[in-house]
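Following are the structures in question.
Presented sequentially are two complexes of chain A, the first with chain B as partner and the second with chain C.
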Partner chain A sequence: MTKQSRQEMTEKTPSIYPVKTKLQITIIFFIVIGFYLFSMFWTQREMVGGFGNALGNMYVVIEKFFPPNLEVIPKVWGEMAQTIQMAIIATTLAAILTVPLALLSAQNITTFKPLYLITRTFLNILRTIPDLVLAVIFVGLFGVGLLPGILALFIFSLGILAKLISETIESVDMNPLEAMRASGGNVFQVIYFGLVPQVLPQFTSFVLYVFEINIRASVVLGLVGAGGIGLVLDQQLGFYNYPNAMAIIILIFIVVIVIEFISNKLREALI
Partner chain B sequence: MASYSLPPKQPKSTFKIVRRIVIFLAIVALYVWTFLGIDIDWGRAFERMVNNFSRVIPKLFQPDWSATSEVAAKIWETILIAFAGSLMAAVLAIPLGFLAAQNMTRSKILTAIGKWILSAVRAFPDIILAILFVVAVGPNAFAGVLAIAIGSTGMLGKLYSEVIESIDMQVIEAMEANGANKIQILFYGVIPQIVPEFLSYAIYRFEVDIRASSILGIVGAGGIGTMIIFASSNRNWNEMGLILLAIIIVVTVIDFLSARIRRKIV
Partner chain C sequence: MIEFKDVGLVYPNGTVGLKNINATIKDGEFVVIVGLSGAGKSTFIRSINRLVTPTSGVLSIDNENILGYKGSDLRKLRTKIGMIFQNYNLVKRTNVLKNVLAGRLGHTGTLRSILNLYQKEDISLAYESLQRVNIGEKIYNRADELSGGQQQRVSIARVLTQQPKYILADEPVASLDPPTSHQVMTYLKKINKEDKITTIVNLHFIDMAMEYADRIIGMRAGEIVFDGPASEVTEKTFEEIYGRSIREDDLRGGANKS
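Presenting the complex of A and B:
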């Protein structure tokens, strides 16, 4: 196709796409652009001075936030550690509880259809609720502290993890499992000797991935009172103490990058 | 049954055993550190839960329908924020994706720079970006759009660069051998190969952004999150129930639509 000079080809050969497809694409393109312009207009309608003014303000922000007051970092180290601990506990709990849920929502293991459908729907609904909303509800229930944060992270990551792992379970090689069943293995034996060895590396990798997500989520949970570094950040922002806030943001940034790097290396080694 | 034999096990090298012990000890140390560090007042939390349970949980299941129009308006705003933000990101991520793709730049330094920019952007949680933009442009929906746009660029750029790295380079080599210039290679060799997957990822990111933009209001960046924070500080759990219901419906519908569109594209 690319052997002739391009101009010659584009002039002489008919277009590879039919007119109808082209028309469809054009219409979709204009709808998308139109909706985009509308949403830009809508989201800016409450803004004083519009976009141009905002760009000018961008410079003010840099002035406000910089230079960050790095002296606060040693003082918030304890909160940062708590944030990481929150993520560790939540991930561990989710990793344990996800096993029965993932098994129940895998079509090839749970052959009883209604049970599979119920777990699936439950997990789908669970996943649609944002982590911060869960945190808001748990803070209302348990009061300000670490516990609501841990619970919010736990439930949020349970939804993701169970989905990822049930998909892995559905894609395993069923032949060894059938052979085991045929030679008289019971359900638990089949799962333990046939399924676990096939799923384990993926499982560990997904748990680490969810841990990364949890670290990222846990740093902001404090904004709604669910403990950790976000609580300090929220206070500093409330005092309009922007250099301190920037120092905390930089700390969060570094911690997230370091943990992601370690977790990535571990995952590469696993698979 | 008695006379079957298992295949012989592989001999374990000392290195592997040592590595396993080290990993095990590291994990144990991590957990000891975690459980010593975390300090929860279980008694108080339990007491509070007993007190609050009847005030919170049942009310979540009895939505306050009188707030429907307000919730609908805010959900609409949330969708607009997510749409504008993810479209911006879908465009912004293209140059970064090309920069971070090894087979396009053909220079290790440029690729490394691109990859570093993208992972740096990805390390910022959306909410943190929203905080910065709220200070910049004021507490309104446009701050949310900017936060979503920048936040999504990191992930989309990474996915784009992976798509670009996986294209069929033989087509490009053939074009080069025939004397096509860079622009021609880009338009006739590269773009046709990447468009479907780029679109698919952009739509997927819109799906993710709907969830992200629903909480941005917590820091004042517009959308349904504004109502979440009001409802929780007023302890208006009936309204919270309606908000939750609205989020669940919108996210489910958009996930479903997006999955269908993506299946058609790729």
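Presenting the complex of A and C:
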């Protein structure tokens, strides 16, 4: 190849992205930057005194919380256990109900289109409702206590689980299912023998993952009256009893870490 | 006996899969279907167990038109037709024995099978079938731990466990090397002779078709363009079926039997 022709080549070499895409990306980039600058300026103005005072406030707040009153911990064991129970019950119920919903919203299993679309839409709507809103609604309906917490967590985790698992189902190898259909198996047998072994490890892993989320979420839900440790924390904060609150926060922190550790180890073993 | 009478199939997107198919396959025959890619071989074979449904004509199996079958009639039909696939179609994460037992699903009630309550006879049948294809020592291995040839033998064992009257094999050796291909075809032929199971195999290798078939059906563009005993077939016949001259890759080679 001569020098000249090589030079021609470089000139003609196309860039990886078309000019139009490049232009679009540049414009979007500057819009985003502009948006950041604007919102920084705006929040500064709205916040009392900006960031300057925050550091000073932080010191005052932290001083109030320390030292934590660890003696309160034995007294709140019961509520901590309730929070964990809430998460367990909600996750278990959701895991059970997820099975039919995930199957119905998987396009490769539910070939009857209207049914698939209805389930999909239903799950999408379910997922758009934040867990806190669910908790507030159920506390309004059933009063303060564990039941509204469980219901809120249940619906919240159902939305996530069904979505994750229906996507897992859609990615399975359909060949063995065809073989079982061809040998005269009925729908249940085809699903049980062809599909279940393929999704079971993922299923268990997702359920554990949602359980972890539920433990954390159930604390937050407690704050709005949905029972468990969150409720106690809210009360202590309400009485301005910050050392007690701090002890509860430490307890929650440790419990969450322990549970996540165990669940992580289990999930690693599964996949 | 399988009888195609003026069978036609048009796919929902308008593609013609089968056109004016007339053929009778008698019990115990070993038929090989040949044809270029897209000729309609799979469509032909999959019509027989109604994985696809012809849109015109009559397709009778044991003197009953199967084209209207639904639900339990359809499952009963499929129970007596075993199928072998190009990609073996085993459940990869499941062990060999369970994969082979899946051949009994059509014979087993839903609850019984889901609770793993297979009859003792079923389990020993599964084990015998595995031994017949010489893979009896691998029963607890996961299917994906086996080589392609071994997996195809497991899938043959699954079909044997089904105790079918007919076996359909759609390109059973297309993913295998020459010696393994011959091994698999030899098993199919042996089963056809010993158990008197009518066998229909799709192949696109000319030499293998001539070696194993009793009868060869040639297809082109959804139609049968040749139908006759394998002994009458020459290279010229294949050139007519394929509509072009024979090439190297139409042959599998390695005919040294293992």
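Here, the second predicted complex is superposed on the first by the 235 of 271 C-alpha atoms of A that agree within 3 Å, B and C clash if a C-alpha of one lies under 4 Å from a C-alpha of the other, contacts with A are read in each partner's own complex, and residues count from 1 in each chain.
Note that a residue touches a chain if its C-beta (ideal position, glycine included) is under 8 Å from a C-beta of that chain, and two chains touch if they have at least 3 such contacts.
Everything numeric here is computed off the predicted structure, so don't read it as measured data.
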- chain B or chain C: which reaches more residues on chain A? B
- Task: Tell me which partner A:224 touches in the superposition: chain B (first), chain C (second), both or neither.
- Result: first
- Contacts of A:85 with chain B and chain C, given as first, second, both or neither: first
- Please indicate which partner A:249 is in contact with in the superposed arrangement: first for chain B, second for chain C, both, or neither. first
- Message: Touch test for A:175: chain B only (first), chain C only (second), both, or neither?
- Response: second
- Thinking of the overlay built on chain A, is A:77 touched by chain B (first), by chain C (second), by both, or by neither? neither
- Query: Of the two partner chains, chain B (first) and chain C (second), which one does A:189 touch, if any: first, second, both, or neither?
  - Reply: second
- Answer with first, second, both or neither: which of chain B and chain C does A:66 touch in the superposed model? neither
- Jot down the residues of chain A that show up as touching in both complexes, chain B in one and chain C in the other. none
- chain A-facing residues of chain C, complex: 49, 51, 75-79, 81-83, 85, 87-94, 98, 102-103, 105-108, 110, 113-114, 155, 158-159, 162
- Residue positions on chain B within touch of chain A in the complex are 30-31, 33-35, 37-41, 44-45, 48-49, 52-53, 56-57, 60, 77, 80-81, 83-84, 87, 119-120, 123-125, 127-128, 131-132, 135-138, 140-142, 144-145, 171, 174-175, 178, 180, 184, 188-189, 211-212, 214-215, 218-219, 222, 225, 228-229, 232, 235, 237, 240, 243-244, 247-248, 251-252, 255
- Task: Going by the contact rule at the top, pick out the chain A residues touching chain B in the complex.
- Result: 2-3, 6, 32, 35-36, 38-40, 42-44, 46-48, 51, 54, 57-58, 60-61, 64-65, 81-82, 85-86, 88-89, 92, 124-125, 128-133, 136-137, 139-143, 145-147, 216-217, 219-220, 223-224, 233, 237, 242, 245, 249, 252-253, 256-257, 260
- Item | Residues of chain A that touch chain C when the two form their complex | 173, 175-176, 178-186, 188-189, 192-194, 197-198, 201
